[in-house]
Amino acid sequence: TTGSLTVYLTHYRLSDSASYSDSSDDETSPRDKAQANSKGSSDFCVKNVKQAEFGRREIEIAEQDMSALISLRKRAQAEKPLAGAKIVGCTHITAQTAVLIETLVALGAQCRWTACNIYSTQNEVAAALAETGVPVFAWKGESEDDFWWCIDRCVNKEGWQANMILDDGGDLTHWVYKKYPSVFKKAQGIVEESVTGVHRLYQLSKAGKLCVPAMNVNDSVTKQKFDNLYCCRESILDGLKRTTDVMFGGKQVVVCGYGEVGKGCCSALKAMGAIVCITEIDPICALQGCMDGFRVVKLNEVIRQMDIVITCTGNKNVVTRDQLDRIKNGCIVCNMGHSNTEIDVASLRSPELTWERVRSQVDHVIWPDGKRVILLAEGRLLNLSCSTVPTFVLSITATTQALALIELFNAPEGRYKQDVYLLPKKMDEYVASLHMPNFDAHLTELSDEQAKYMGLNKNGPFKPNYYRY
Amino acid sequence: TTGSLTVYLTHYRLSDSASYSDSSDDETSPRDKAQANSKGSSDFCVKNVKQAEFGRREIEIAEQDMSALISLRKRAQAEKPLAGAKIVGCTHITAQTAVLIETLVALGAQCRWTACNIYSTQNEVAAALAETGVPVFAWKGESEDDFWWCIDRCVNKEGWQANMILDDGGDLTHWVYKKYPSVFKKAQGIVEESVTGVHRLYQLSKAGKLCVPAMNVNDSVTKQKFDNLYCCRESILDGLKRTTDVMFGGKQVVVCGYGEVGKGCCSALKAMGAIVCITEIDPICALQGCMDGFRVVKLNEVIRQMDIVITCTGNKNVVTRDQLDRIKNGCIVCNMGHSNTEIDVASLRSPELTWERVRSQVDHVIWPDGKRVILLAEGRLLNLSCSTVPTFVLSITATTQALALIELFNAPEGRYKQDVYLLPKKMDEYVASLHMPNFDAHLTELSDEQAKYMGLNKNGPFKPNYYRY
Amino acid sequence: TTGSLTVYLTHYRLSDSASYSDSSDDETSPRDKAQANSKGSSDFCVKNVKQAEFGRREIEIAEQDMSALISLRKRAQAEKPLAGAKIVGCTHITAQTAVLIETLVALGAQCRWTACNIYSTQNEVAAALAETGVPVFAWKGESEDDFWWCIDRCVNKEGWQANMILDDGGDLTHWVYKKYPSVFKKAQGIVEESVTGVHRLYQLSKAGKLCVPAMNVNDSVTKQKFDNLYCCRESILDGLKRTTDVMFGGKQVVVCGYGEVGKGCCSALKAMGAIVCITEIDPICALQGCMDGFRVVKLNEVIRQMDIVITCTGNKNVVTRDQLDRIKNGCIVCNMGHSNTEIDVASLRSPELTWERVRSQVDHVIWPDGKRVILLAEGRLLNLSCSTVPTFVLSITATTQALALIELFNAPEGRYKQDVYLLPKKMDEYVASLHMPNFDAHLTELSDEQAKYMGLNKNGPFKPNYYRY
Amino acid sequence: TTGSLTVYLTHYRLSDSASYSDSSDDETSPRDKAQANSKGSSDFCVKNVKQAEFGRREIEIAEQDMSALISLRKRAQAEKPLAGAKIVGCTHITAQTAVLIETLVALGAQCRWTACNIYSTQNEVAAALAETGVPVFAWKGESEDDFWWCIDRCVNKEGWQANMILDDGGDLTHWVYKKYPSVFKKAQGIVEESVTGVHRLYQLSKAGKLCVPAMNVNDSVTKQKFDNLYCCRESILDGLKRTTDVMFGGKQVVVCGYGEVGKGCCSALKAMGAIVCITEIDPICALQGCMDGFRVVKLNEVIRQMDIVITCTGNKNVVTRDQLDRIKNGCIVCNMGHSNTEIDVASLRSPELTWERVRSQVDHVIWPDGKRVILLAEGRLLNLSCSTVPTFVLSITATTQALALIELFNAPEGRYKQDVYLLPKKMDEYVASLHMPNFDAHLTELSDEQAKYMGLNKNGPFKPNYYRY
């Protein structure tokens, strides 16, 4: 089950400066190198530990936009809520992740880390972590064999046994479950970020095989809003602009799907002067679209007139070959939803059509009559392929992960059973409150009298679980 | 428990034409009049059955904006899903309600009706219903005694026993529960629309005394969005304009509370060029406010600069006398939240302040130094006092009520226990889908393949229950 | 030439409180009454000078929103720039006008005043002015004969000769020109506000008969933006809401004409969730519409689908009977442009159509097949008929008038010839700057170095005359 | 006067694919190469005529977004309005310019071309033009000597004498004026696009030395709106995102200057959830800012709180060193106005501050206390340095240039004197109308009756010259 291995594109920007080293690097596999950090430790495996200084600078810059974690370090440093926690982690390894890991360490945890994706590791950052004493096993461009080797090295350490798992995709969890069942059984908690990983956990739970409390942080309110609505509101513009330089004003756009992602895309494009209509299967979302000022149409009704077609449905074959045949010359087609099957790109790989790569991530697919359709990122996720995830969004995620670890590690006996949980609302609210200073936002506090009147605790949670935000 | 009796203002517009008759009417109490409709029935009690024709016109106009119910009549008329239903109803009696009642009748139900509010009855509409054969007991300007007399007449009919209750506020439910326990026990369902009524039902349920399945339609997704976000987005502008003629452009506004109501107010005022900031207690909502472009402040920080102060918190004493003392000359203060305690209006009724009524619903409260604060609706709900609820919003509510009745009446044995339920998502979606034609909106249908891929039924429900919309 | 007499509707709100007196008033014509103010003067003619106190309160309230004039009083009171000015004025007589008149007096002018419209006079305000010593000749409900009698009494005062004219519509100017040519010739200036009056002045100028410098304040930048763009952005919503309670969200709207008024209407409706398209004859404005996100269509293409049709063209027969025949049931049709000929209302007054007045300013026009078209204000201006002009907009106008009078009265010999002029840009900017405090707006000042770099005077004007804003 | 030589950055995107050849190219100066196109002509000087095929593809792609020119070719091809025109041109040489040149040729003109900028030439495009028979003298990376050599070769052709000049910056015009006075005197017209070039023409005209009619196309309505308002509305987001990946939601932004550029920036940032305030010196623009919902502040009042500072004033030292000292850590500072002096960047090049280049166009300027200010493009124009100009905007410009040439070349004797003119409004409208099909926009035509009523010609112009749009 190497699902996450196949993710073709990384979603973290490798800053321009970081890439200086790639070409000059030697070709030796990190597994075959003998490296030690300046303290003499060799308990890590990265591309080149000598790049630590460059990675450290990246981490410092990231820290500036992740003040929530820095603030968490300060607030919780005295009590060390993670003292005794032995965390194995498997995530993208970037400057932002480094800020998370170093926060966990500052709160008392011991951490060992590996990458959830074979392409996304920032080598300099991994070097900086290794130099600082965190055992990291990851580099950019791992083979599949490397990938599992790294995971194993991360878990399998003589005289050390993990009691917490932080995972993104479920591969680490799966490996521990299969290879180290005794570690798995004794773990105090699993925190999982991805849709895929959460899905696996629910399956495990259904099968009665989940013997550890797990926390699904993917569905926490704050993270969801930022990953989808707020992030896509900006990245749809950015992704389209970087690839095509298209002018938005007056463009006719159809957005397929009016969930959080679709809402973000529509609101941004409308604001820039595009004329936007939507398609929906769900009448409640469709009604929201109406009230927000978008015509709700079937794709077939409008496909001939559109300048831009965007999918955000989570479904497959939302734009079919038949529709692509009827699309007009010069139309831009892209996917903001999931996977790469929302647009039936496979159907375009047929002999009568010519593909012309005009820029990175931009193909002109040319019909026999000369019609060109501009396909972005070959139908993969535009926001991940052709835009970047702002550090602020990553800060929300990382803070959520840290609080989930703290919650699971410190929960009194019995609060969490062997099941999958959502982050408690109070912790979700705490994630948000840690980000208030970024906006110089000042919360109002309830008076005793008001708290009583509302039937609320003054420190929250402030809403019932079913509240829709 | 006559909570709903004390609602001072009706929230349904009495159209200008309808008021012609009020002054010419005699002063005799309807209870003392002998009236019969043209078919000879006297099983009703209204102000003047002869006004039926005028009421009929009002109903016909309302029907034009309530095509969802008309469409429901058509779709369900053959199967008569309410055949056998004997419904007692207690709601505002307006043209829109009449469309609901006549829909229930068209679907096979027998109905008897009374008013949930002593001021809100449109006499002509009640007359039209009576003329058409619906036993109605209601008139504008009932006394409290009249109110309960009407409820009793509605329920207590020789040889007829209600099996369904449709309530708004819980007074009818309470009356049946207390006075006709045998009717209560045998009822097949209760549908309740109001916050107050729902609260009472949950209390009954907690106390183990709810021996009937009840449906809370107040919290259905569609109704909530329309009652709060969409309705307030328009009524904040309307309410301010009708009362004060204020120009919105460039005005500094603080909105206290960024829930659905606050979101609606903020979005509308920002769009009209006001400079809006918000106060919040909940960090998640505060973060949403930041991302939507509003400064999050404490009221004390900005109170001196504001041109307009709006409360939408559901809390009390959100604007205190101390703050009102510091507010600037000419500032408009109003409440969009609940009740009339969000602004501490009571504190303004003190001898050193002069109240000057400058228009209906508009008071100048004048400080000794000449400062004037413009208080709207004496701190009661601006949207209900100084604006109107669009028929479309009422159509959403009425359709939700009708579908809840159908669901409860037709549910297979065992689906609903003696508890309070939310409207099933599929019915909620059906409410929305019935309103699609109003917008000429065309839903997309899942292909079999797509439905399978998504793990969905092609006819919905399309979202998990916890989906946040 | 009594054009302005026929204006059917006033555009100043008579506040509710002001109407108290109308019913109790006697029927005697003011011309037949002997009245004196408390100082014994009888040089005025109003409905009832005893209402002065009520009028004074209205004026005081208006002053609060007209701080620009109050500030002008303060800044210019010492130098009395209008000392020696003898101004005859003919405008609507409202609380806002009173603030203007009393400002002119405070700056040294002697004023005599009359009404430019037979319906729009606020009697209490006229009383307050008379009481304070300003000779006013005006009341609500003048006959045509009264109208000219009042103008004559205003101009024709023994031992007093006007040297400045402030006019709105050109009737006063015309009367002086015709009846008192010697006054006309010796006048130092005319200030005219209305399109009609300006048109008359240009004709006079063309004919070589304008022997006085005149200032067209109608076309000053600030006034234009407020009269059209900013005012209509708010009044379109207000006018539609007060008359029809329509919900804007999701409504399909066509706006005919994308000039300043159309731009205001479109921006407001779009912001409220309506789906708006436009018609245009001018490709530049049409291109602006595209870039602002509106589809540019021909009316015939969309007329069947629209929920609301709004005209703002300044043209006639923009909506024809043929199109009205094809419009859909329940469509709202209204005019924000000019006159009452944009919609071919005359064509609807034909025997096969039934008109039903459902509220003040709202007619249902009913086709033989039952289709209803909702016509507002019988096709007259919605913003003037069914909404109000905010005091702030009137403040802009009044300040512009005051500055134009000061400029003409103080201009050095030779600056102005016998011609029609636009307000100098510097004065236009001064109007704007006097309104800065309303918004707590702080202007930046050029440093000497910057002014030199830009080739500008530090005090303005800041833009060339052709600047488009 | 080599002003335009010093433009450091090009404002046309060199598409990725075009750069393939640069590295493989030899280092020989084009002036030293003997080249001929496939027809045997050597009357050109480009980098490598063999790259023609790649340039042709670029031109074909550009044609797809420049349908206005293609449509002009079709409409005017029969009458060949430029038959006899001998045009020398000096502009950026890009795919979009090629579409313009080939349009002029299609309309009958003979053209010779050179580059107005030593860096901006797309070599492949120049090759394609040369191959097709247009004498082009330009390559990327000219020396200053090359630059003037190219201009001379362009003008000085045995047996051929230019009668029209199309210029961008005034260098070509200056050269002809100085070196070929007899050509200058006999020319039928000059069309100039840039602010600088227009300024030079006005100076020439003032000095009585302009013996040719010249047309200032820089100030035509359509071009102005697109160059400033519409272009900057999009490029501010694009420029910030590409350089910093900043998330806009909730960011505090101050925009200095609320002209067209400032209006574009503010509207885009507000729409993306930023909290925007402005500074202004002109009270009219400031009032517009108020009505659009922006607080008007002095920079000093807010400088400490801002996350992003943007200048768009056309002035210098708008952000001073003193203010930069007080700015907060992590603040982004950039210029959308003109030149590179709006921000006092020179003051930052001092020993106590450290500059760190973190990406192309992004410097961290670091204060002794560790504070970092993120300076973009070293204070040069963000939109030109870090974003791209959409082809659609270039299409507006190119079409305006083509129509200006046609107008001047075909104007009846006496219409244009030896002066500088604005493009006639009718031609300006025609530019716009040629772009209607891009938006599938349908103009309404006046009926005869309507045209008469409005006093307009049915074909325009539709507005007086002073109309503000």
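The letters A, B, C and D name the chains in turn, as written, and every chain counts its residues from 1.
Definition applied: a residue touches a chain if its C-beta (ideal position, glycine included) is under 8 Å from a C-beta of that chain, and two chains touch if they have at least 3 such contacts.
For reference, the UniProt names are A, B, C, D = Adenosylhomocysteinase-like 1.
Since we're looking at a predicted model, the values are computed, not measured.
Steps from chain B (Adenosylhomocysteinase-like 1) to chain D (Adenosylhomocysteinase-like 1), taking the shortest chain of touch contacts, total 1.
Taking each chain's centre as the mean of its C-alpha atoms, the one that lies farthest from the centre of chain C (Adenosylhomocysteinase-like 1) is A. More inter-chain C-beta contacts link the pair A-D than the other of A-C and A-D. Chain A (Adenosylhomocysteinase-like 1) and chain D (Adenosylhomocysteinase-like 1) have CA centres that are 40 Å apart.
Averaged Cα coordinates give chain A (Adenosylhomocysteinase-like 1) a centre that lies 57 Å from the centre of chain C (Adenosylhomocysteinase-like 1).
Counting partners per residue, chain A (Adenosylhomocysteinase-like 1) has 230, 249-250, 272-273, 290-291, 295, 439-441 as the residues that reach two or more other chains. Looking at the complex, you find that chain A (Adenosylhomocysteinase-like 1) touches chain D (Adenosylhomocysteinase-like 1) at residues 13, 15-17, 61, 64-65, 230, 233-234, 237-238, 241-242, 245-250, 252, 268, 271-273, 305, 329-330, 357-360, 372, 387-388, 390-393, 438-441. Chain B (Adenosylhomocysteinase-like 1) makes touch with chain A (Adenosylhomocysteinase-like 1) in their complex at residues 221-222, 224-225, 230, 279-291, 295-299, 301, 314-318, 428-430, 432-433, 435-436, 439-447, 449-450, 453-454, 460, 462-463, 466, 468-469. The touching residues of chain C (Adenosylhomocysteinase-like 1), counted against chain A (Adenosylhomocysteinase-like 1) in their complex, run 249-250, 270, 272-275, 290-295.
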